[in-house]
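Below you'll find a set of structures to go through.
In what comes next, chain A is part of two complexes: it sits with chain B in the first one and with chain C in the second one.
Entry: the complex of A and B
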């Protein structure tokens, strides 16, 4: 497993997820801010792209089927846990 | 429903194991101003909030606090990695080894276990949002104290990220307090009924 590439792809997900999270909290208190809604949707588009790319290589990021299809092997139990990376 | 994402919110790294600091930073796991209390406080207060906005904010910040709890757990896990019983004893944390070994437990920096009385829920949106703002400030100050107590730049990076989140949450709770106050002005403050005009 190419650990360096995995970390790089995971950081892309983490960074864009942070953008989406910050805009989400901002929109909770500023729900009519059109620019922020536009930024949020742009972040979601990028995040979806990064997540799909990561999950295609390294298996689901999310459990209970939300993270998409698994490989022939059950990747959830074998991919590294966050505190071990 | 909650879904687990197999990734930290922000990377957690340490330059070297440091049991003495693990003993201190554990307070942000299970101490009075730690992340367990923060997530439970907000997720529990949601039910008596008067507006969709306030319910959303408490749900979202409460969920983010769970991610912070996981970051602190990862930090402690890395700080105690490979430590022997003697290492625990020398760091003044022999009690941790005796009762929990390398397992985590919800305590503050003095070993006092987590307690539900650290959090409040009055069922009154003004009282509860004001408590939330105070909680964010107390967590901010605790992170500042912890930053003063470590010289590891990687650990400081993690603590600075968490420190900054407390500042942002305080800001958002302050905005929500104003919005909720405006909302409640439309109601009679004593009986909660609509004011007749």
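Entry: the complex of A and C
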């Protein structure tokens, strides 16, 4: 298993999630800022792509039903969990 | 010797009648403008997306 590649993809997710979080907090106090709304939507789109790419390669990022559907085999236990990398 | 009346701990810490003309404090924060942003990698490392919020306070050595 290529842990270096997995880590790189996980960091991409974390970085874009942080951008979305920051813009989320900004928009809480500036709900009409169109530039921020546009950038937030771009960040969400990128984050979705990064998450899908990661999960396609290494399995679910989240469990308890938050991470979406699973294949026939229970995937959550198949690879190192994100915090074990 | 006459004793008391004693002040309670709350009265000693909060002398609400010693300065009757004092006003409550007002706090404010500067209005933030979204003009620039760090790149995602830089933002995560610095702990903020917004350059104007970074390095406002110097870290103690």
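Convention: the second predicted complex is superposed on the first by the 79 of 85 C-alpha atoms of A that agree within 3 Å, B and C clash if a C-alpha of one lies under 4 Å from a C-alpha of the other, contacts with A are read in each partner's own complex, and residues count from 1 in each chain.
Note that a residue touches a chain if its C-beta (ideal position, glycine included) is under 8 Å from a C-beta of that chain, and two chains touch if they have at least 3 such contacts.
In this text the structure is predicted, and so the values were computed from the model without any measurement.
> In the superposed arrangement, does A:14 touch chain B (first), chain C (second), both or neither?
Touch partners of A:14: chain B and chain C.
> Given the superposition on chain A, which partner contacts more residues in chain A: chain B or chain C?
Of the two chains, more chain A residues are contacted by B.
> Please work out whether A:39 is in contact with chain B alone, chain C alone, both, or neither, and reply first, second, both or neither.
Only chain C is touched by A:39; chain B is not.
> Should A:82 be classified as contacting the first partner (chain B), the second (chain C), both, or neither?
A:82 sits against chain B, while chain C stays out of touch.
> When the two structures are overlaid on chain A, which partner does A:64 contact: first (chain B), second (chain C), both, or neither?
Once the two structures are laid over each other on A, A:64 reaches chain B alone.
> Name the contact category of A:29: first (chain B only), second (chain C only), both, or neither.
So A:29 meets both chain B and chain C here.
> Quick check on my understanding: which residues of chain A belong to both its chain B contact set and its chain C contact set?
Looking at chain A, the two contact sets intersect at 11, 14, 18, 22, 26, 29-30.
> Across the complex, what residues on chain B touch chain A?
3-12, 53, 56-57, 60-61, 64, 70, 73-74, 77-78, 168-169, 172, 175-176, 179
> Under the stated contact criterion, what part of chain C meets chain A in this complex?
Chain C residues touching chain A: 32, 34, 37, 40-41, 43-44, 48-50.
> Show which residues of chain A lie in contact with chain C when the two form their complex.
Counting only chain A, the residues touching chain C are 11, 14-16, 18-19, 22-23, 26, 29-30, 33, 35-36, 39.
> Touching chain B in the complex: which residues of chain A?
10-11, 13-14, 17-18, 21-22, 24-26, 28-31, 60-64, 66, 76, 79, 81-83, 85
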